[in-house]
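The next part holds the structures, each set out as structure tokens.
The following pair of complexes shares a single chain, chain A, combined with chain B in the former and chain C in the latter.
What follows is the complex of A and B.
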């Protein structure tokens, strides 16, 4: 693989690690989720453009749309948690009850 | 080419003059009431000339003045029909109105807005004349609505009183229900005869006339206070006594009967309509006569008497005698207005006391009013050769000798004897026995205005029946031969009513007062009809609208079906299904460790 692909893949893996390992704030995992989406988007675009795979040119746009939706969903969950507890500390989520 | 048309138009224009003068100084002066009264008497004198021309030569006319508009094929114009009915009614109405205006100068002299009162009375008279001289249904409707509005304004004359406002509103609402029938008839005539002119309606042949005739019957029920739409008439006694005398005894309430009389060529063709009219009139006359027996307000008794006589007129239309009904309208106007004016005189003399239980012994203190009251009551009950006899006796005779519904005839006869009964009751309680009123009220009937007005109507009550019935052109032939018991049945019923009522009144002087029996309560509370209908119908309407609009549409369909049910369902199911503890960091870390170990293993195996 060329160095470009490895670079972007490394960015993806770093974001994934950041998503899975975090200390207290829920916000940091959401930010890393955004980073994952960003790197996926770049990876997809570069591959499609380099291989002249024009039929799949739609795919990055659609990925962007779904990324926006999931970001909104994640933020609404964050707001719900923050409304109840005042902060977004993960320690607070020990009793999942509506 | 004589002056028939011009004189009628002149008379109508003269009546408009005081209304035009309201923007001038005359309206603000204290001479305006007598100005209006003199205007009315001049109009009466002028309109007598075409009336006498008609009596002499039978000349009728249709005056078509002004073409308003043509809507596709419907031509609307202002046209006046001067035939037997309108020409004979106009002098009677103007005579009675002149007397009532003279009376109300005396009665309302302490009222600061007396000029406005006279303006309203005159506007009422003008709209009533528009109604009776209308040649097309549109103009008749203009007059119809006009008298309704003036009735509202005049009943609520003392608008500071809640009861007066309620009564005025009641009058308007009940009339409105009748107007629905009127508009139904108008729409039917528009679509089936393509016109609203009477001549064309009567000339075309239709298959089934039941729809418009039912509509017209509903209109007459509303306007003439027949059973079902009757409570507004006794409530309308909240207005001043001249208003009761003019509107609710002689002129406005006969508008419904007049409408049915105008359509008599159509009524002759439909047996269903005649039977319905007959039964409706019979129920009305008996029911209101029963209600009149136990009322304690003198004006209410006379109001129920009016209602009963209106039922009698409707019965007459039901046996296909429109000309007799019209004769009864004309004669009834005289003595009923006079009865109201006598009651006004008594009320004013006793310092606004209207309860007959607190009157008494006025026979010697108010001789003139006593005379007028007794003559009026006798004319009402149909004493031979007074005014009422010429119309009422003829009606009973014709009803007894025609192929009619026997039950309706029996009701009418019972109502005739009850008429005598409640008339005796009025006379007994107000005129005879010991006085029961406060002793300091100045009993004075010595005013020339009062005496002149009652005197004119007194002469009318005695002679008008004879004069009118011997001078009108011949119409339907009355039945000339009948068995002697049928000839005398009206008189016998009346005498029975008189004697019974007098005996009972004299006997009850010495008895102890019993608590009211059920029949008494039924009669006193107007058959419970207002109590039930005025509460239950609005309650049903409001409940239905609250249930359907607010509860059903808003609360259920818009709120609960999708949004709230989805959220409720999701919350319930998530609380049931989830049994997690929320150790997020642990779960994420285990995911990462699994991923790392699997990558390492799969990369470095052989």
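What follows is the complex of A and C.
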């Protein structure tokens, strides 16, 4: 098996950590979500190409379609937060504050 | 080095992922994601997947990231923080690069890593060959099979995109 897989998995874990650790902007977390989708796409494509699994080549495209849906939904939520509060800071989302 | 070009590209891939995971201002994070997309296209093209690499550039970078760029320009701040202007961001970036350098040095020591499977360095450019595939590229034929064997997939994804657009219009209706 190829050593490339280790690095692509590491990229996925890095992006996951970036998604879970908030700083101030909601937008940076959405960017980390996009990074996770990109690393999954690359991983899937490299595995399919290495194993000559021809009919599964449509799977990365389907993954890209659903990632686009998810990105658009996340961005629309961010736009509504930005319209309500003026900025997209995560500290504005404090309805469930104890 | 050029026999291990895929490993070098994947190392730079991880470094650009670290550059936006260390959370600078979203504009700079978007730039890091664009670089990561370009390098991912290079990795895929090195394994013979030219069509899927171009998909990354066209759909992912040209479609999704352009929308992210416009939204980041809309919801931005007057003094965006870069990687060197904040200690937290710089510390996370250096930690990530050091971790990746550790992995790269460990791999390049013995050209073989055993985590659960045995990964070996020759697997980058020695691809298992299952015989002659004729005059066509099998990856392009696999993607083209989306319209013959994968008709139901096309219907489901098309319908979910349409429903997604309706959901987004309801969310952003406001009032």
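FYI, the second predicted complex is superposed on the first by the 94 of 98 C-alpha atoms of A that agree within 3 Å, B and C clash if a C-alpha of one lies under 4 Å from a C-alpha of the other, contacts with A are read in each partner's own complex, and residues count from 1 in each chain.
The working rule: a residue touches a chain if its C-beta (ideal position, glycine included) is under 8 Å from a C-beta of that chain, and two chains touch if they have at least 3 such contacts.
Everything numeric in this text was worked out from a predicted model, so none of it was measured.
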Quiz item: For the three-chain model obtained by superposing on chain A, do chain B and chain C clash or fit?
Solution: fit
Quiz item: Of chain B and chain C, which one touches more of chain A's residues?
Solution: C
Exercise. Have a look at where A:51 lands relative to chain B and chain C in the superposition and call it first, second, both or neither.
Key: second
Quiz item: First (chain B), second (chain C), both or neither: which does A:4 touch?
Solution: second
Quiz item: Who does A:90 touch here: chain B (first), chain C (second), both, or neither?
Solution: first
Exercise. For A:68, decide between first (touching chain B), second (touching chain C), both and neither.
Key: second
Exercise. Determine, under the contact definition given at the top, whether A:17 touches first (chain B), second (chain C), both, or neither.
Key: both
Self-check item: Lowest C-alpha to C-alpha distance for chain C against chain B (Å)
Solution: 7
Quiz item: For chain A, which residues lie in the overlap of the chain B contacts and the chain C contacts?
Solution: 17, 21, 23
Quiz prompt | Complex interface listing, chain B residues touching chain A | solution = 571, 574-575, 578, 580-585, 588-589, 591-592
Quiz item: Which positions of chain A touch chain C when the two form their complex?
Solution: 1-8, 10-11, 14-15, 17-18, 21, 23, 25, 27-28, 30-32, 34-35, 38-39, 41-42, 45-46, 48-52, 54-58, 60-62, 64-69, 71-73, 75-80, 82-83, 87-88
Exercise. Sort out for me which residues of chain A touch chain B in the complex.
Key: 16-17, 19-23, 29, 90, 93-98
Practice problem: Name, in rising order, each residue of chain C that touches chain A in their complex. | Solution: 6-7, 10-11, 13-14, 17-18, 20-26, 29-30, 33, 36-37, 40, 43-44, 47-49, 52, 55-56, 59-60, 63-65, 67-68, 71-72, 74-75, 77, 88, 96, 99-100, 103, 107, 113, 115, 117-121, 123-124, 127-130, 138-139, 141-143, 145-146, 149-150, 153, 157, 160-161, 164-165, 167-168, 171-172, 174
